[in-house]
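Naming follows writing order (A, B, C and D), and every chain is counted from residue 1.
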Amino acid sequence: MDPKILIARRVAQEITPRSLVNLGIGIPTLVSDYLDEDMGVFFQAENGAVGMGHRPPEGMTDRHLTDAGGRFVSFVPGASTIDSAFSFGLIRGGHLDLTVLGALQVDEKGHLANWMIPGHYTPGMGGAMDLVTGAKKVIIAMQHTAKGEAKIVPECTLPLTSERRVDLIVTELAVMKPEDDGLHLIERAPNVPLEVILEMTEAKLIHGPDVPEMQIGC
Amino acid sequence: MHLAISIDEAVDLIPDGATVMLSGFMGVGVPDRIVHGLAEAGKKDLTLISNDTARDTTGPGPLFAANCVRKLICSHMGLNTIVQAQFASGELEVELVPQGTLVERIRAAGVGLGGILTPTGVGTKVAEGKEIIEVDGKSFLLEKPLTADFALIAARSCDYVGNLAYMLTATNFNPIMALAGNTVICEPEEIVPVGMIPPDLVKTPGVLVDHVIKTTA
Amino acid sequence: MDPKILIARRVAQEITPRSLVNLGIGIPTLVSDYLDEDMGVFFQAENGAVGMGHRPPEGMTDRHLTDAGGRFVSFVPGASTIDSAFSFGLIRGGHLDLTVLGALQVDEKGHLANWMIPGHYTPGMGGAMDLVTGAKKVIIAMQHTAKGEAKIVPECTLPLTSERRVDLIVTELAVMKPEDDGLHLIERAPNVPLEVILEMTEAKLIHGPDVPEMQIGC
Amino acid sequence: MHLAISIDEAVDLIPDGATVMLSGFMGVGVPDRIVHGLAEAGKKDLTLISNDTARDTTGPGPLFAANCVRKLICSHMGLNTIVQAQFASGELEVELVPQGTLVERIRAAGVGLGGILTPTGVGTKVAEGKEIIEVDGKSFLLEKPLTADFALIAARSCDYVGNLAYMLTATNFNPIMALAGNTVICEPEEIVPVGMIPPDLVKTPGVLVDHVIKTTA
């Protein structure tokens, strides 16, 4: 299975019925493809969309209805629009049940760095700091390493996005959960040996003798 | 009541060096005609407050292409290559603000609050040089109100009282910036007779709007 | 002329076309009766009405449209409704051009006391503190004295409503304006001698030899 | 999606001693049926957060007549003689809050801010015991967020997602309290099928609403 699809499918399992969910760009966006529409999940975007549906076909787009990337979307029945202050009120106020975001680094404390590489061009944090600080649950969905460099590290060397501990990290190799005592390895991807995960991870991973496999029933 | 003005009249109101809030989100809900008017008039040294810089030719894009902006306050400037180049060369000063903080600072100015106390940014680079206020054992950043000489906003519908209604995600920063500009200029898609926008559909009461721009040149 | 009507007529002269105005209960409410409707003034109430018109006739009332006292009102063309946070955003944010309020006491500094008499039952300040602190202009409209007691005093003995200096005081005897150097007597009511005003006022009034009469053209 | 519940089921959710926000303004925009339900059920020791206490038999009035309230947080209680008597006898504790501060404290809780910085009340009795924060040489009162176990709100229209639309001045505190209650219970005048309230008419997205009350007993 494509690593990105594996990650998206695993993250989709974390989404509960009727919840309000914000998906970041990249892999997180794919998550909505693996959800049962009957679950009544509402997708929110920073620009004030509550209840986004699929991209409409050519000829049925409207320039007043877009996602946070400015791409045309549709609305599901029961959708609504709110202004930017209200949108971030939902995010900061703990009304957003889940945000799924990418990362540059995550560390043993569950701290996230995903907006800035000093010395490089920084496009801006957009809504990321509010999302990570305010959402009820934060899941990081990312490739386990970047060009061979570890992304799961003992302590973030890049500037943090928030002081808040993320709730879950899902990669194509593993599922990890930061807790008070450190970063727990809780699942392996199908057919991935424990040793491979430990080798690809600079952070110390806490685990028992048997780490269960993800159940993603392909 | 407002007599609608032309784009040129609106552009003439805004001097070089002004601080200008421009609404919109990735080019959606932006008053595009006045943006082009300002660019064509060759305005200089503007301080621009905008959520993002959209792309080279959309949203606030034309203002950068025409070198109108000296300082930019935004949450994201990722997809505009001209902004990127001007920032790299040092001709454009940039202040990055988390999006929720940006909109709430604008609202604070508009509703007469002394600032906001937000958990966003605590313990990050964003907190550098800012005051931390403790409330019941929790830490919050004190972020100051953000006002502007002009707020340039876009609306779906407008009447001659200046009442505004917005459409879907083109709403975004518009109703908030309408509270915070010293002079508020609206570029509506349509102007309707007074009384045609039902009171519960008005998102910005006309008392906040100083100038309405004609829908025809 | 009835003293209350005199006050209301004089206050009405202070209202500028197309302004946003909040009228308190009592004498201030009368002010709207003496305005030209062509002026395009919008009356605001704390409960979120922007553009209130006259009380509708019996049979044309609606329980969803009331003023801040819960009384039925109508809407003028171009009216709108906003929520309570927005309503006080207009008030506190300086978008309200004028508020006209009653007073228990006003003093030489222009400080207002209008919400509490210690030892007596205090119904609550409602929106008064926000109105006095936030409105662009504050006019006090009241009877010059209360049961023989002076209401315009050297310094308020009752708890203040705000630190903000009010802009104008209109009574059935005089118009007064607080400035940096004290309280200026700027107009006399028709046929009221200067001595009467001075006698009824505990505060020191600054005035020239000739105090002009109000021009209310009855 | 919500299965609408009965008044009795809603009343059963609220235990004695709960902190309850009740929307409305002088009896307008108040969820009257649930107020009567709580009064008839003889709830005890409620802390009530409400703009005002309307009159003896309107708005929150029945809650005082039935001795349900131990503490009241409001901006005005002037026209309710029962409240006046209970306050005089000492059985009712009252905290008076300026109206603009009250609604903004509720909003702060709802949108995750640490409090508000308001000029209202500076230099008055309201400032006693409160922290003053200086911002750029101006003084502001730090007023803390105000939350509640339950927010009881009224709406004109509701769908089964919980989306709410309000009507005219019955809007007042409703959309703000809908942000701030841990559990939000709405008593609508009508319930319509999902999709019948246009997205731009929704003032409270259904994601904020926990329970919708049936329009029939």
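Everything that follows uses one rule, which is that a residue touches a chain if its C-beta (ideal position, glycine included) is under 8 Å from a C-beta of that chain, and two chains touch if they have at least 3 such contacts.
The shown structure was predicted, so the numbers you read here are calculated from the model rather than taken from an experiment.
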Chain labels contacting subunit A and also subunit D: B
Both-way neighbours, i.e. chains that touch subunit C and touch subunit B: D
Separation of mean Cα positions, subunit B and subunit A [Å, integer]: 29
Centre distance in Å when subunit A and subunit C are each reduced to the mean of their C-alpha atoms: 55
Intercentroid distance (Cα basis), subunit D paired with subunit B, Å: 32
Per-residue multi-chain contacts in subunit D, two or more chains: 104, 107, 111-113, 118-119, 166-168, 171, 199-200
Residue numbers of subunit C (touch at least two other chains): 75, 81-82, 85, 88, 91-92, 134
Chain-to-chain touches, reported pairwise for every pair that qualifies: A-B, A-D, B-C, B-D, C-D
Residues of subunit C touching subunit B in the complex: 18, 20, 40, 42, 44, 50-51, 75, 77-82, 85, 88-95, 134
Subunit C contact footprint on subunit B (complex, rising order): 1, 107, 109-113, 159-161, 163, 179, 194-195, 197, 199-200, 202, 205-208
Complex interface listing, subunit A residues touching subunit B: 45-49, 62-70, 75, 81-85, 87-88, 91-92, 116, 121-130, 133-134, 159-163
Interface residues, subunit D side, partner subunit C - complex: 25-29, 51-52, 54, 74-79, 84, 87-88, 96, 98-101, 103-104, 107, 118-126, 156, 166-176, 203
Residues of subunit D touching subunit B in the complex: 104, 108, 111-119, 133, 135-136, 138, 140, 142, 144, 165-168, 171, 199-201
